[in-house]
Structures are given as C-alpha cells and as structure tokens.
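Look for chain A in each of the two complexes below; its partner is chain B in the first and chain C in the second.
Presenting the complex of A and B:
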C-alpha cells in the first residue's frame, strides 16, 4: 500500500512548504526594506551575469537581505491562479542567480506528493473499470470512451481535437499556436485520472499504439516541416517563462537516478508523469516517435544533427527523453496499473 | 591559428562528501589538457559555493592544489555546517557546486571570471562516511557520472584522467583496487598502472575519427574475494576549422535561366561546397558569418536583382571505416525582385565563398552562375476563341477559360484580362479573375440576354495586359448561342445543392447550370469520402475542392465548395475551413444556412467530431 497522504503544507521529508511567489511578493511589498531591496536586486540582475552582480556591494547587500525573505524560497503550483505571474516573479530572481546556462535548472514548482496509486483508486471509482484486469481490450480506446463519458473531459478533448485538425489554408494546415493552447487547457483542467489514461495507456497491438501516438494530434502539435537542433529548441523554450519552468520540472522529476529502485527521483512515478504531461502544448512538446508496441521511445521534435562540438551535450539532453529509464518505467507502471509499494 | 589555451577534458566532476570526514581527505582529481607544449596548468577555486536553489555561501571547506588539481577537504563538515549548507534544498540529496578555474600562470588574485572553468558537483550525504565493506564494487571503482571526455584535435598529448578515486583510495586503504583500460589495438590512449592515469599519446584528428569507445575495467580484491566492474569510457574529439572548402565533383558552374518564372524569391540555381569540418546549426547566425557567400560585382542592377542564400547541412563520410561528420553548404542564387517581361540579358555572376576561420591559403572558392534572362511575349495563341453557350444556361454558368500563351507557367507576372464590350445590345457574358489566378474565367452574367432571339452570335475583343510593363495583346472571342428554350419547372430551388435525390436534381435548374439542368454526381465511396453524392450545376467545377472566383460570387452556386456554415453529419472540411472536402453519403446544402451529409437509406445517428475520432 502507498504511504498515507502527507498533511497539507509538508512534503514527506518534513520541509515546510514555502509560500507561493505571488503571495511572497505581496508580503515583500508590504515591508519597505524588503520591497526596496527586491527592486535593487531586480535592477542588479537586469542584463548582468552572476559574477559581475556579486561584485557589486549594493547588489550583494540586497541579496543577503532577500535571502531571509519569503521571496527567496518561493514556489509556484501547476495550474494555480496567476501561474504566469508567479513564474515571472520566480525567474526575476532566479534567472540571474543560477547560472543561466546550466544544463539542469531547479524547478519552480512545488514537489508532487501524490502517488500513482491515488490515481488508480480514483480511476476505478470514476469508470468502474480496472485497467489492470482486462488484458484483451484496447486500453487507449477504453481511455477515449471513459473521457467521452465525462462532460468536462469530452468537451475539452473535442475542443483540442477540432482546433488541432482545423485546416487554415493550403500551406498552413493548422494553427499550431491555438492547438497548443487548447492542449494546455485540456491537460491543466482535466483530472489526471482521464488525461494519463489517454497518454500512457498500455498497448499490445499497433492500432492501439497508433491511437496513443495520435492522442495529442501530433500532425499539428508535434511535427513540423523543419526539425530543429535540440539545443536550439531548448533555447527557444528557455526564452518563455512557462516552457522553461515545465522543462525544469521535467528534469527535476524524471531525471534518471541510480539511487532509487525505479530510477526515478524519490521513486515518485506520479511526479514524473505529471511533469511530462506538463510539457505538452509548449515548444518542447514530447510524443511517442512511432507506434511500436514493444519499445516506447519518447522525443521532442528535434535532433542532434548539426550540433558541431556540442554534440555530446545535445545527445545528453535528448537522451533524457529517448533513453530515460525513469520515464519509461513510469509509463509502463501506469499502463500496468502498478506503483511502487512504499512502506509508510 | 586561433589558440584555445588550456582546457578541461570534461565539463563536470562529481563526488560524495560525508559528515565529519577529516580535514585533508582528498576528494577528486581534476586534469587539464594543453594547447601547446610547455604550458603548465594552474588550478584555482572560486571562493563561493553555489548551493542549489540559487543560494551561495562562502567556501570554508574545500581547497584545490594549484599544480596537481587535487580537490580536498580543508575543514571537516560537521552537523552544523551540513544543516546550513542544505537549507533550501528540497531534495533528500543536498548538492553544492564549485567552479574550478584554469590558467597557464600562477593565480595572482583570487578572480572568478576566467572563461575556462569546470564544475564540481558535491553531494552532501547526511551520514558519516560508510564502511568500505558496505560499498559495492561499482561504488568503489567509479562515480555515478559517465566516464566521458572531450579532447581537442591537433593538440599535444597529455594525461586527462585518473581512474582511481582519491576519496575511496584514502578511505579504503586495505582494499586492493586495480584498473585496466580495454582498448582496441592502435588506439591513441595509454593507461599508466602506477598512477592509474589515462593519457592521449598523439595529436588527434577529428576528420579521421571523432569518437573512441573504450572500456574501463576495475578489479577489487578483498582477501580471496574478487569483484569486477566494467564501464564504458568514451572520448569525443572536438573539431576546429582545419579543412578548406572544396567542390564535390569539381563543379563550380551552373546555369540560371529566367523565363516564365520571374517572381521575387525564385531559386534559379544551386551550387554545392563541401567542408570536412563541422558547422553547428545553432546558433545559426554565427555559423553563417563564418562561412560567407558574396556576389562579386560592380553592377548595382545585379546587386539589387539577385541575392545568394546559404543553407548548410550535416553530412557523413567515412575516411577509414569510422563515420565522421562534415558539412555540405548550398549556395542558391535567388531573385531579389520580380523581373519585368521585357528584360533581356545574359552574363556571368560570380560568388565568392569564404571559410573565414580556416587559416590556410585555400580558404575560398569561386562559384560561377551563367545567368540568362529571356524576355517573354504577351500574346494569345494564334486562333481566336469560340465558345458555344446553351440558351438555357443560368447566371454564373462557367463557359470557359481565357489564357495567354504559357499563362499557367507564369510566376511573378501579373496579367489582367478584360472584355471590350461589343457595340450591340447582346451582352450576356463577363470575365472574372481571382487574386492569384493566371487565367480569366468567362461566365454568364445576364441570362435573360441568352433567351432573346435576336442574340445569336456575339463578338467580343479580349485584352490581356501585363501590369508591370503595361504591354498588352488582343484577340477575338465569339460566343455562339445554341439550343431551344426549355420550359422552366415550377417549384425548383435557386440552388442545385438543395436537391438530395437524383430525380429532383436533374429535373431542376439552378444558378450556374450550363444547359438548364443540374447534374447529379453519384459517389461510390464508402464512409466519409471526397467522392460523395451531390447535386451540382456542373460536375467539372463543383465540387472540385476549391471555391473559385465565380462560385464565390453567390453562395447558391456551389456551397459544396464555398460554405463556411455548419455541416451536419460525417464530413471533413475543406481548405481554409471552406466547403465540404469529404462527406458521408449524400451532401446537400441550403445556401447561407447549414449543409447536411447523410446516408439516404438508413436513418443513422449523426456522427460529429468526437464520434469520428473514436473508431
């Protein structure tokens, strides 16, 4: 059995959850010394790198004061009200402080404490179907049926499907921007009991795997005429606060680790799947590369062709999608309806 | 030749640090490789620890030996230090980062801003150092980080890694841990058993081989027990610009002919230049600047009219069995503006390609384009036009197309067609042209004229004008009216598309019909198909998937191609969300209202977007 849900405001390690950045910003604004230091720091960080900033006495003093303020450890919640504003506050401090060119960035999101087993419980209540028992059926089709039986899921799913398959003109076969927006709405507003079943259903034949691959309407949301270099794509993603945050969250929760049984950080499959789904609808949208049933390969729409001397770095970045044991185990565990048993 | 100076063979190092490890404990060894003989490496630590989540702290605990690159604990980390350093860390694992800098001179000041640096990630473990007996062979032999290195080509040999882990060696002195480097014969690497150092023994050439895959093997002996671990040991060779551009097959000349296609942006010809060096596509602009292509000319007209576009792509070649990346550059001669139909000249246009970072003598290549700009004539085919129109044709019936010679081949030439009105009162037809259309469509504009007995044969003059040069041409058009007037059925709708059965379709007329009667298209497809059954004014033009300029004049002519309203039933929408591209069964429309696609025989439940996607 899974661990009982932790009391609100605490993560399993017992750290006190920090306030969100919107609230922290309000607290700081109410305090004259904090708000003036915050303004100073933002000016320090604008257009300067970390080292020149640290060399400046005034900037250093501002930093020291802010280290004690709630702004310093503030976080955001996925799908919260004013999520973008929260992330803007977060990155206004962190962009200059962390090295901008870090390979992995810290996630601005609160850690996920729920587990996959919670979803399985809810899913069986919602649909009356246990994904693990019915081995002959097409799980991806069952997932689509289950979604159609729920008004909210059906509405937002048909919303993104019709947006993403609407032809604009002979040269532009859909509006990618609108399609991405509709996909983000679907994954933000529909409970994961439905969305995960569509995304991570397990398949025994090609028709099922093809349906799984088609879930996000890849012809519009994923594929493109030009396949960019992955480092270029990462740069495009990092220029956008939301995409940057979701990518950092993916790295935080799906980064393969030797130190856990499942290869996932803290053995938390749910957190990895959640941050995977959180990337859909952004420049870094990942998907299944083919309809293979035996091997699951995930990738964003990019390649390492033309990397020059950065090929090693590019391949390392791409491997976190294509050859990531944590992500693969998490997807398979969801498909099989199994979670890691944690002793409470 | 640009000098890189000293450099680190890896970007990141990692090690574990435990609570209360004594001062003096060695942690890890960092190496540097040289750019030229005689350089000596000096290592230096930046006096700030970066704690994850953006905090930093002054470094009181770690130091590096300036000459050997050995990082060690200068002060033990006690419980209190640990708590301070792990504040703000959310993960169970606390990490601190250090930057190590490199210089060929002894460090004068404790500066932190040299570009040559590497990162050391130290994992702070919330426990005292483990007993050696509790460590696995993997943990005793290697760190978690991959053994992956990069070595620059054309640089002097040197030692770049030490297999033995200084921390384990210090902690577990009773264990015998030995290493071996398994490499295929002839690889330019050597393992020194005494120091466990791995060195590169000669200058490497990336254009010969860019990746070496070796295996590091570790043997741990503890009394009679023996354990072995093998991990991959990878070396990537970094590229520098040491190859000149060359022409594949020696081709440096291409013909560029401008005739019917005279539009701005047209690619006239392409020449290819190859290079054994790699060219990163990211960031794109800097690579474009490194490899330039310039039109060599004094003629301002040539400069205004042409431009060169440069794209490049990675290619592979195999110099001696192993695959190596290179670059293929394509230089495209492109029209920078549309060229007038009267322009006529030929000349040779030279493009200088320059590999700006290559420092040898053959750094540039000259490409030649033989450009011929031919004039095109604006004229009608020799014959005059003659069209026969049935007296029962309705308004918007499409009679035919008017097109000057080669009109469909033209691009970037703007021809407009005009009917010069005859001086008699019979004037039933007009001409229309879409925005991008290269031809004019002749259609019935006033059907009452067709019914007048005095109108039999009408002569028009058609004029075609080129917008840019104002050149024009004329020809004669004869319209012959034929057929006897049919009696009009009563109760027929204006639009053919309203009918949903063969019988009611073909006994009625409607807007756009040619002979007074609508035509039935019998689909034979199953399911949702582009070949659906429908009633149309003319099978030739409707539905054909495009809402043409005549059809768009009135929504009743061909809603199957032009509707922007709702379509009820199984269907696929057409381009730009206009019309019914594919439908289920019979599709019929009420102009300005809905269209319906349904099977005639069975009353089926209608299928909408969602139902369509659940197979």
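Presenting the complex of A and C:
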C-alpha cells in the first residue's frame, strides 16, 4: 500500500477515511510529533494506574494531541489480521479518555452494515437444504447436518468438540483455555450461515432445545464449579483487551432500545447476533440457561449474589443478557427466517 | 442399458460420497446427526503389476497353497479425512477418527 500524500488526520476538508488502528499506528509512526506523543502516552498507561496518569500533565498533553491524530477514531475489524494488536492500540487511547469505569463502553469494532436477510440469501444458495417440510423437523439437527456436509465447518466444529470434551485428568475434566480457543476459531472462521444456524436454531421440543444448549459444549466452555458475581466477572473480562472489546461490542449492538420497532439499535438483528457470537470463547461466554422451548433465557455464568451495595448495577448488567428484548427478538427472527423490512 | 450399467460398475477407483446418519455407521453410536461418508470404489484393472500376474501364475501352479494371497490390486483409502464429532441421542459428544476416506488408490 502506498502512503497517501497527507495523513488522514490533516485532510484539508476535515474528512477522515476510516482507518484501522494498526494502519493508524503506522501513519502516526511516520510523523515525529505524533509518534513521540504516542510513546509518552503508552508509558503513562504502562503504570496501569489511571489516576496517576490523569494527574500527570505530560500524559494529559499527549492525550490531547493524539485526539487530533488518526489514532483517535480508528476502529478494528472482528477476525482481522493482528486483531489483538489493533485492539491494544485502540484501548491505549480510549482508556485514558473515559471518566472512570463506565457501564457501557464504546465498541472498538467497525459498525456492522450487513443484515440477516443477506445471510438467509446466502444460506439458501449454499445449502439448498430441505426447509421445514416434515412435521418432526428439528432445526438444530438440520443445522448440524449442514455443518457436517461442509468441510470447513465440519473440521472446525469437530475441532472444538474434541478439544472441549477431552478429559485431562481425574480432577480436571477439560482444558477450558484450549476449549475457548477452539470455539473462537470456529466462530471467527466459519461463515455465519453455518454458525448462526447451530447457535440460534428454533425449537419445538426439548430434545432440540437441549441440542441447542449443548452447541458450545457448555460443560467445559460455560459451566464452572463456582458461579462468580457478574460484576466480578465483568472486571475479569475488562482486564483482557479482546474480552473487553467483545463485551463493548455486545453492549453497542444488543442494547435494548425503546425507540425502534425491534428493540435493537438501528433495527439491526445481524449486528446483535454477531456480537453475541463474538463473546463465545471468552470469560463472558453466554449460553442458554436451560432447554426450555417456550422461553429463551440467556446468561453468562454468573449471578448477582454477593453484590453488596452494587446489587442494582449487577442486576442491570445481568438483565442485558437475561431479559433483553433486542437479543430475544433477534434470536427469534433468525429462527423464523425473518428480518425487518427496511424502507430505503 | 445393460452396457451402461456394466460400464458404471467398472469405473476406475475413485472417491465417492454419501450422506449417512451416525446410527447407520454401525459403530454403536445412537445419533440422528448426518455425516458425509466418503469411500473408495471402482476397479483397479489398469493398476495390475507384474507382481500380480506372477503371483497368480505361481498360485495356479500350486506353488502357493496354504497361505492367503491377493493377486490383484485393491481400491482402498490412501489417507483418511479429519475427525468427525457429533452429539448423540443422550446429549454426549463423541469424536471418531479415520471414519471417512480422503484419497483413494489401487494398492
């Protein structure tokens, strides 16, 4: 890629092309003033103590200058090359900008523009699968079939299933770390026509709903001996750049809104389902809590016990999973094969 | 038509595939999940070596009598596909290896 004549931050029209943070970092490195400020900021943040950092004048000055640089509004793409590096750059700027710990954080990912209807179109081309014709159809079983008949999906599905169900020793029944990694590979590398069908299939009976619940091998990837407090779990997640980003993305795309017909931001179901799937394989891995066919309840593996004076905040956090009309509508819409018709 | 059928039966050794349920595999698993089963099928007439001709001749002269020998090449998998995992009827996951052929040849 040839370098543009002037860095995007100094475009005369004030217009900035959206750049990813890895690229923005390269542009910054080419500019002596930007790169020295960025180095300063990174040193400020290396202390990991936000308050000291904010009190330091030099750090503040560096932050102010960097807000004018391409680094300031750069974004990352899910599953991109160097995703972790991109997110590290993103948070190095944004962690310094926020006022303390916020309940909802801005997503470092580019907004999703595709819709569910695009997936349905692709799915019908790809599979040519029998739709719900027979009376005892099990959509989750059909989804497994569609995956097994596709070499890439089959390989990565078998990959996580065998990893997640491999016993390590008498005391350790699986390697959660390896299981999560294999799950992330599956959801990052297999097209959503396959992964969503497995994850969000609609069910009429319990056998189907149990199969749906089992999709991510919850005994290894989800359940644990100890059920932590949700805010504690959120802190664990926020300590990791990837988990923090996926959680922020979930909040940005699945946050229930009362202004839209579907309860979803911009009526975009696809964006919500995508960021839900993006949480699988991290500390905040969500799943169906039971095999109920009538009501869908989703939750991460945590509870609000022991919240103390933060009970309300904890409940609010948990409700974004358990009682979220946007997420529920999106899952149901996918299961029914419907999407909102947008008037252009 | 008979010619057509005869020719079909004498296709050279190649990989073929079939959609089968896990239960149908006869490995003792109970699952309605469908998997792609790839197998080797076809003739190996063109792969006959001097070895095969000689072995046949030596055997017909009753120089080999008690041993079991095979005097013609056989269409078999040269390599197997990756593992296949599935959920059974009791909600347990299983992984089976070397279930499906990946490449066939006359050996």
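Of note:
Here is the rule we use: the second predicted complex is superposed on the first by the 299 of 344 C-alpha atoms of A that agree within 3 Å, B and C clash if a C-alpha of one lies under 4 Å from a C-alpha of the other, contacts with A are read in each partner's own complex, and residues count from 1 in each chain.
Just so it is clear, contacts are C-beta pairs under 8 Å (C-beta built on N, C-alpha and C of every residue); 3 or more make two chains touch, one makes a residue touch a chain.
The structure presented is a predicted model; accordingly, all values stated were derived computationally and were not measured.
Of the two partner chains placed around the shared chain by superposition, chain B is the only one that A:168 touches, whereas chain C remains out of contact. In the superposition on chain A, A:141 makes contact with both chain B and chain C. Contacts of A:149 after superposition: chain C is touched, whereas chain B is not reached. Of the two partner chains, both chain B and chain C are touched by A:157.
Using the contact criterion defined above for the overlaid structures, shared-chain residue A:309 touches chain B, although it does not reach chain C. A simple residue count on chain A separates chain B from chain C, and the partner touching more is B. In the superposed model, A:210 makes contact with chain C only, not with chain B. Contacts of A:295 after superposition on the shared chain: neither chain B nor chain C is touched.
By the touch criterion defined above, A:258 reaches chain B but does not reach chain C. Put simply, chain A uses residues 141, 144-145, 148, 154, 157-158, 161-162, 211 to touch chain B in one complex and chain C in the other. Contact residues on chain C toward chain A in their complex (touch as defined above): 19, 32-36, 82-87, 91, 93, 95. Contact residues on chain B toward chain A in their complex (touch as defined above): 11, 48, 50, 52-56, 88, 90-93, 112-113, 144, 148, 150, 236, 238-239, 278-284, 312-314, 325, 573-577, 608-610, 613-615. Per the touch definition, chain A reaches chain B in the complex via residues 11, 13, 15, 51, 54, 67, 72-73, 93-94, 97-99, 106, 111, 141, 144-145, 148, 154, 157-158, 161-162, 166-170, 211, 228-229, 231-232, 235, 258-259, 265-266, 305-313. Looking at the complex, you find that chain A touches chain C at residues 138, 141, 144-145, 148-149, 154-155, 157-158, 161-162, 164-165, 210-211, 214, 217.
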